[in-house]
Amino acid sequence: MLDKNGIAKRIAKEVKDGYYVNLGIGIPTLVANFVRDDISVEFQSENGVLGMGPFPFAGEEDADIINAGKQTITTLPGASFFDSATSFGMIRGKHVDLTILGAMEVAENGDIANWKIPGKMVKGMGGAMDLVASAENIIVAMMHTNRAGASKLLKQCSLPLTGVGCVKKVVTNLAVLEVTGEGFELVERAPGVSVAQIEEVTEGTLVINGEIPEMEL
Amino acid sequence: MIRKKVDNVQEALEGIQSGMTLMLGGFGLCGIPENAISELVRLGVEDLTCISNNAGVDDFGLGLLLQKHQVKKMISSYVGENDEFERQMLSGELDVELTPQGTLAEKCRAAQAGFPAFFTPAGYGTEVAEGKEIREFNGKMYVLEEAFAADFSFVKAWKGDEAGNLIFKGTARNFNPCMCGAAKITVAEVEELVPAGQLDPNEIHIPGIFVQRIFQGTNYEKRIEQRTVRERL
Amino acid sequence: MLDKNGIAKRIAKEVKDGYYVNLGIGIPTLVANFVRDDISVEFQSENGVLGMGPFPFAGEEDADIINAGKQTITTLPGASFFDSATSFGMIRGKHVDLTILGAMEVAENGDIANWKIPGKMVKGMGGAMDLVASAENIIVAMMHTNRAGASKLLKQCSLPLTGVGCVKKVVTNLAVLEVTGEGFELVERAPGVSVAQIEEVTEGTLVINGEIPEMEL
Amino acid sequence: MIRKKVDNVQEALEGIQSGMTLMLGGFGLCGIPENAISELVRLGVEDLTCISNNAGVDDFGLGLLLQKHQVKKMISSYVGENDEFERQMLSGELDVELTPQGTLAEKCRAAQAGFPAFFTPAGYGTEVAEGKEIREFNGKMYVLEEAFAADFSFVKAWKGDEAGNLIFKGTARNFNPCMCGAAKITVAEVEELVPAGQLDPNEIHIPGIFVQRIFQGTNYEKRIEQRTVRERL
């Protein structure tokens, strides 16, 4: 079973040379730490920066340079700043190659919900609705179950949607799954996790074709 | 040169009234018009509709206006990190229109640039699209969104000149440029106000034509919401 | 009767303190020469400059700094450069206070034609269609008649339109006229020109209320 | 940093074919991609559809492509000052789609930013609006215009870096930024190409994400169309 860093490490393998990548708040932010350093990648943050670098050293924080999670950041050579309309022009115009974000629920048809629990909690969609409606390559990073132990991979989302039919791949603490026309196709198991364990906590249709390899990290 | 300089925040906010619709720049606490917000609190204007990506934190930024119940309605994309905002929203004290962030930015830009409406894919198939026109272009579904209409726009820039030209710094740029010229009156506060001619015409982010009033701001706190650092090895 | 400079001089009186002004090619460009220097005005050119100054001295021309008429120009303190989308954002968003442009024909309902003579001549509309569809304050600068001596102030335009019902005022070599619901209201006569002379070359409805003063330049 | 630098104009135009739709920046002869145009002439590709505000003059800029009859269709706002263009258009040899200048710019920007269509007042009531959807918003009439779709976009900038970031100079900016990222492949030629990190991230007009290939241009003529000067008193 993976922890949050493990999920991030596995997703980092999906980041290819030449990709512009948008990382959501939470687990996705950790992905940057695990991308191979022999490939060229630029991270975009929708509040208006391309070419994000690591967090600053203590004492070097600049209140005017943050990421979409409101964390202080640095920039790398080749970086640029721009306004919010231009930033979402990049996203909507499909110039960003890969979007990685968290979710509360994912449905087997690719629907995603991650911004609201009616009557209880409303964080707002932030940039997520623009991202999922625009990106062609969307990976969800999340735990396989919620705090109550219920599956987050469902036949249908029960919460208000963020986007429809958009998720292509899900990486959880237990597995890597691809969203196909038939449901969640199990592609890889987390180290030490059995297919039966994954079946038990996957409410949506789970498609299992042949032997499922354990993921390599 | 058409002179936009006013002497202080009081003069800059002349004409502001309860019940108005305001745009406020900033992302989280980054690039917010701190001086204008303080003055709105001091003036005590009420029943405001505020268009702003976030609503500050409990005790800073737009959170100050929420605390004093001066806001009737918020139009924002993200509520997180503000307990009082979430509480007022869930209790129904505050009317909240949640809007996808890119749509929020473009509804400002549409108002600035004279577009009444545009089609965007954001929110298709979600409750955001309810009651709105949906149309297919090239096999993909889009939602028709309309431009905002606001009375005042409050933005914060790094440098500005007396002609109203603005230059922003880093990610403090965010929504600020999109909101310039998007309301009847745009008020810009800047960290450094210089005479016309001192900014390179090639480096200006927002031409002065989009700004009606500009003033030198004071006492910027520039609070950091999530101070995050790495270890020195 | 006025020459081109005279028309420009009369129109310059319409330029008020604090105005952003867009000047079309031809007579309108000359208006800048006659604006009072005790008022603050900025000239916008739709190819991407605000705060245009006079033409450069010989030897100081810069190929990268031109106006919409492709003439070399200079800039004044407070000037800015921007792209074409932003430029037309200024125009469409009604941030430009006054637009002055030429015309081949103006109709008594405010229609204007200035970009095409079918089968004979096509210059293109350039920025004129955006300008006339957006501006609330449009003044046409033109000769009262065409080269063949025919009136350019018509009941209806015969040429393909540039915009509908948009012209508010016309200044010609003979007169100043306002476009009202009733037709062209004669407001001023050019020096030495009689009302009868104006009537003779105005094909559209000419509204004459009382004594018509001669213009002061 | 994602490297966009290519060694020369030949490499930059790899994949160009007859029948393609191209965007070309510039206003008159100001800010045109001189190197790319020369190479298009040399390659002799034909049946091109060119989106460009103007078509150069008879013997320079896009006029060179017209002379050699490489262009099937022009989408422009202004034809003046080019006799060969006007002749080919009136004779029917060349298909011309005249588009209001602001609409032309926004159809590029819409393609760049993922908007399929937008409403603009320009052209309402004229032949430009024929066959297009008309709609009233707040008592004013608007025309629905769609985003362009192009194969290559050729732009000219002043400075650029190896990451594809661009800075334009003066009014040579014009349509160039709007066309970046508005075609499948954007090719930028610059007067000065520097390593990544040498341009201030705050001063960049077009982020490198909108550019696929960048090269150092050579032998810029920068011809002036209407040299206009005033007398020294």
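Labels A, B, C and D are assigned to the chains in the order they are written; within every chain, residues are numbered from 1.
The rule is simple: contacts are C-beta pairs under 8 Å (C-beta built on N, C-alpha and C of every residue); 3 or more make two chains touch, one makes a residue touch a chain.
Just so you know, these numbers come straight off a predicted model, no measurement behind them.
J.: Using the stated contact rule, I'd like to know whether C-D or B-C comes out ahead in C-beta pair count.
T.: Greater number of contacting C-beta pairs: C-D.
J.: Would you kindly say which chain has the C-alpha centre located farthest from the C-alpha centre of chain C?
T.: A
J.: In angstrom, rounded to a whole number, how far apart do the mean CA points of chain A and chain B lie?
T.: From the centre of chain A to the centre of chain B is 28 Å.
J.: Based only on mean CA positions, could you tell me how far chain B sits from chain C in angstrom?
T.: 36
J.: Once you find the CA centre of chain A and the CA centre of chain C, what distance in Å lies between them?
T.: 56
J.: Tell me, which residues of chain D touch at least two other chains?
T.: 106, 109, 114-115, 120-121, 168-170, 201-202
J.: Which chain C residues touch at least two other chains?
T.: If we look for residues of chain C contacting two or more partner chains, we find 49, 81-82, 85, 88, 91-92, 134.
J.: Sort the chain contact graph into one of these: line, ring, star, complete or other.
T.: If you draw each chain as a dot and join those that touch, the picture is no line, ring, star or complete graph.
J.: Of all possible chain pairs, which ones touch?
T.: Contacting pairs: A-B, A-D, B-C, B-D, C-D.
J.: List the residues on chain A that touch chain D in their complex, please.
T.: Touching chain D: residues 18-20, 40-42, 44, 49-51, 75-82, 85-86, 88-96, 134 of chain A.
J.: Which of the residues in chain B end up touching chain C in this complex?
T.: 1-3, 109, 111-115, 161-163, 165, 181, 195-197, 201-202, 204, 207-210
J.: So in the complex, which bits of chain C are touching chain D?
T.: Those in contact with chain D are residues 45-49, 54-58, 60-73, 81-85, 87-88, 91-92, 111, 115-116, 119-130, 133-134, 160-165.
J.: Mind listing the chain B positions that touch chain A in their complex?
T.: Chain B reaches chain A through residues 27-31, 53, 76-81, 86, 89-90, 96, 98, 100-106, 108-109, 120-128, 158, 168-178, 205, 222-230, 232.
J.: Along chain B, where are the residues that touch chain D in the complex?
T.: 106, 114-121, 137-138, 140, 142, 146, 167-170, 201-203
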